[in-house]
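After this come two complexes, each holding chain A, first together with chain B and then together with chain C.
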Partner chain A sequence: MSTALAAIAPELTLAVMALVLLLLAAVRGQAAARPVLRGGAVALALVFAVLGATAGAPAQSVFGDMVVVDVFATALKMALVLALMAALALSAAPMRLDNIARPEYPIVTLLAGVGMMGMVSAQHFLALYVAMEMQALALYILVSSGASSARSAEAGVKYVLLGALASALMLFGMALLYGATGALDYVTIRTVLEGVDAPGLTVGAGLAFLLAGMAFKISATPFHMWTPDVYAGAPTRVTTLLALAPKIAAAGALARLLFGPLEPLAAQWVPILVVLSVASMSWAALAGVVQGDLKRLMAYSTIGNMGYMLLGFIAGGADGLAAALFYLLVYVLSVAGVFAVILAMRRDGRVVTEIVELSGLARSRPLLAAGMAALMLSLAGVPPLAGFFAKFVVFKVLIDQGMWLLAVYGLLTTVVAAYYYIKVVKVLYFDIPAEPLDRAPARARAAVLAVSVLGVVALLLAPGLGLDVARVAVAPLF
Partner chain B sequence: MVTQPHFLFLASALFAVGAFGLFWRRHNVIVLLMCLELMLLAANLAFVTFAAYAGDLAGQVFVMFTLTVAAAEAAIALAILLLFFRGRGSIAVESLSSLRG
Partner chain C sequence: MADPALLATYLPVLILLLIAGGMAVWMIGFSLVLAPHRPDPAKTSAYECGFPAFEGTRGRFDVRFYLVTLLFILFDLEIAFLFPWAVALRDIGAFGFWSMAVFLAVLTIGFAYEWARGALEWE
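Here is the complex of A and B:
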């Protein structure tokens, strides 16, 4: 038992810290907002240290093989903790400016983090379901937490409805797979499925329902409908969190499913992923072009980029998954910086999110504009920035597998999508300057933006390093 | 004689009714929540059926967890809906339109 508890020390630390902070908030009330936020940051730093200390430990399955702790889980959890830290750090300034600093916000964020960390470690349908619901329920609350905003509540209603639909689909898929294989744990399911020559209707339907539910979570077309509305309606600090952490958790859970119990069904799921990926890339490229709101644009950017990430899954094998993971992490790194800029967009104390509000930002805030421009060019896939390298790696594994057509199609959609990223750069540098944005001191924002931009640029110096790390991380799955 | 396929047919039918209601008669968000609940319960029925006929307890235990989580989900969904109602004064599906999808 003690080894099991030691194995989940990071989750335990985070959960206990969240509860301690909750107690503090209950005793001190609204006055606890600042200490709780600091405490949340300390908790995440502590978890990161624990993860770092156990990173080299051999893989182990605990709690009756429900939870597995290996390099893949630890690596993704470290990425998750960093994403949560960035989101928390970025949330401090806007909440102070809007006078809505409340202790609940960091606490619910930490609880969502516990769920996300559980997702990447789950090796059993029950563990996956409970972890996924834990993060989803916390995120529903956060999305609707906008101060007295009807838009935020509307985003919350949409998120909760479509999120519950995704859970129902997934649950039905799990039930069918359970019926077909008689097991809930990944290892047994895989063994049973390997013995099946031609999967029957139950297995096929189960797979389809399960994948539909997962597609909701990573917002792949045609299950992306919630993404633009929720991104636009949620308070920007929450959109930041949504764009960073849940995608890492969902991709990790999806990788564990596809390359674990569902590996024997690869012939069935590859075509499904191809459809999801092609639809995401195409729809995001087309619909992104007409968006005027930066948060909405980032929603379509997420949809499209999840499509590119799925290309790595489709290519399959350790190389394909490593490429997908690398792509995801580069994407999350760039998006953190973009949201740092969006959170800086205030004029006369009001939050603005339209792209035109950035007009001529290069004159009044050259550094902010330069950072944003670098990130947009990276997202567009302009060499030699990290975004280019990430796309290159994904297309290369596809071509190595002989999937030329898909790679060429992906390339075409990046060209279309590049239009809207480069349009932002044009607005930043060449449009007639709008009224300057408010200046508010925000060290956290500057730090996140700096890390993001430097990361995206510095990958140029050691392009292979990130990919090597991704290869090591995915090794336990193969 | 009621056999496993009967139960599974019932589960699938309930699931389909829920899904159908979600996309067909969409006038009130509460009705949508009921449809979602129906879909969850259909999945639960499938779990229990498979578990009972395979003589395996795991599926039945799973249902206990799903029920608990579904209760939490319903509580949060209703709280958010209340918040929405306060701002908009309506819970009609058509009022969910200030953000266009």
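Here is the complex of A and C:
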């Protein structure tokens, strides 16, 4: 038992800290907002240290093989913790300025983090479902946490209803697979499916439902409909969290499923992923062009980027998954910085999110504008920034597998999508300056932006390093 | 498809279904036949938690009702977990005992939080 508890020490640490902070919030009330935020950051730092200390430990399955702790899980959890830290750091300034600092916000974020960490360690349908619901419930609360804002409430209701639908689809898929294989744990399912020559209708339908639910979580077209509305309606600090952490968790869970129990069904799921990926890349490229709101634009950016990430899954094998993971991490790194800029957009104390509000920002805030421009160019895939290497690696594994057509199609959608990223750069540098944005000192925001921009630029110095790390991380799945 | 031995293990469920159905028929049937019938509008209208059963769905009510309902469901579930746990405690040993203790501790912290934050105050 003690080994099992030691294996999930990071999750336990986070959960216990969340409860301690909840007690603090109970005792001190509203006044606890700042200490709880600090406590949350300390908790995440602690978890990061625990993860770092156990990163080299051999893989082990605990709790009756429900939970697996290996390098893949540990690496993704470290990325998750960093994403949560960035989201928490970025939430401090807007909540203080809007005078809505609440101790509950960091606590619910930590609890969402516990669920996400569970997702990447789940090795059993029930463990996966429980972890997924845990993060989803916490995110529903956060999305609707905009103080007396009708849009935030609307976004929350949409997210809850569609999220519940996705959960139901996924559960149905799990039930069908259970019916076909008689097992809920990944190892047994894989053994049973390997013994089947031609999978029947039950297995096929189960796979399709399961993938539909997962596609909702990573917001791949045609299951993306919630993304722009929820991104735009949720408070920007929550949108930041939504764009970063749940994508890591869902991609990790998807990788475990596809290259674990569902590996024998690769012939069935590759075509499904191709459809999801092509649809995501195309739709995001086209719909993104007409967006005027930066948050909605970032929603379409997410959808498109998830499409490119899926290309790595389609290429398959350790190389393909490593490319996908590398792509995901570069995406998370860049998007963290973009949201740091969006959160800096205030005029006369009001939050603004339209792209035109950035007009001529290069004149009044040259550093902020340069950072945003670098991130936008990276997202567009302009060399020599990180986004270019990420796309390059993904297309390369596709071509290595002989999937030329898909790689060329991906390249074409990149060109279309580049329009809206570069449009932002044009607005920043060449448009007639709008009223300058408010200057509110926020060290945490500056730090997140600096890390993001430096990371995106500095990858040039060691382009292979990130990919090597990704290769080590995905090794346990193969 | 399924073997008879497996199906046989579901016999208690079938018996439960039959008894439940029989009880329902028995109670409703006898009250139809034997009980006096003096209907009035209040008696025949559907009972729906103190609200009229059919009205506009956009009517407002105090959010505190919702809060109390939520808390009720929470503690109702807690009891639902406690009963089977208590019955099986002899078999699940110290691990089972402490699992429930942790579960109750988490619930208690939540309860302390909502109490301290004033969720239970009606005025």
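We adopt the following convention: the second predicted complex is superposed on the first by the 478 of 478 C-alpha atoms of A that agree within 3 Å, B and C clash if a C-alpha of one lies under 4 Å from a C-alpha of the other, contacts with A are read in each partner's own complex, and residues count from 1 in each chain.
Quick note on the criterion: a residue touches a chain if its C-beta (ideal position, glycine included) is under 8 Å from a C-beta of that chain, and two chains touch if they have at least 3 such contacts.
If you're wondering where the values come from, they're calculated on a predicted model, not measured in any experiment.
Asks: Classify the contacts of A:S364 with the two partner chains as first (chain B alone), second (chain C alone), both, or neither.
Replies: The answer is neither, since A:S364 touches no partner chain.
Asks: Could you look at A:L19 and tell me whether it touches chain B, chain C, both or neither (first, second, both, neither)?
Replies: second
Asks: For A:Q401, decide between first (touching chain B), second (touching chain C), both and neither.
Replies: In the superposition, A:Q401 touches no partner, neither chain B nor chain C.
Asks: With both structures placed on chain A, which of the two partners, chain B or chain C, ends up touching more residues of chain A?
Replies: Comparing chain B with chain C, the partner touching more chain A residues is B.
Asks: Does chain B (first) or chain C (second) touch A:T188, or do both, or does neither?
Replies: Touch partners of A:T188: none, neither chain B nor chain C.
Asks: Check whether A:V27 is in contact with chain B, with chain C, with both or with neither, and answer first, second, both or neither.
Replies: second
Asks: Touch check for A:S144: first (chain B), second (chain C), both, or neither?
Replies: After superposing on A, A:S144 lies in contact with chain B but is clear of chain C.
Asks: Is A:G233 contacted by the first partner chain B, the second partner chain C, both or neither?
Replies: Only chain B; A:G233 stays clear of chain C.
Asks: Using the superposition on A, tell me which residues of chain A are in contact with chain B and, in the other complex, with chain C.
Replies: Shared contact residues on chain A (touching chain B in one complex, chain C in the other): none at all.
Asks: Residues of chain C touching chain A in their complex?
Replies: Of all residues in chain C, those touching chain A are 95, 106, 109-110, 112-113, 115-117.
Asks: Using the touch definition from the top, list the residues of chain B that touch chain A in their complex.
Replies: Residue list for chain B touching chain A: 8, 11, 15, 18, 22, 29, 32-33, 36, 39-40, 42-44, 46-47, 49-51, 54, 56, 58-59, 61-62, 65-66, 69, 72-73, 76-77, 80-81, 83-84, 86-88, 96, 98-101.
Asks: Provide the residue numbers of chain A that touch chain B in the complex, in ascending order.
Replies: 125-126, 129-130, 133, 137, 140-141, 144, 148-151, 153-158, 160-161, 164-165, 167-169, 171-172, 174-176, 178-179, 182-184, 225-226, 228-229, 232-233
Asks: Can you tell me which positions in chain A touch chain C when the two form their complex?
Replies: Contacts found on chain A: 1, 19, 22-23, 25-27, 29.
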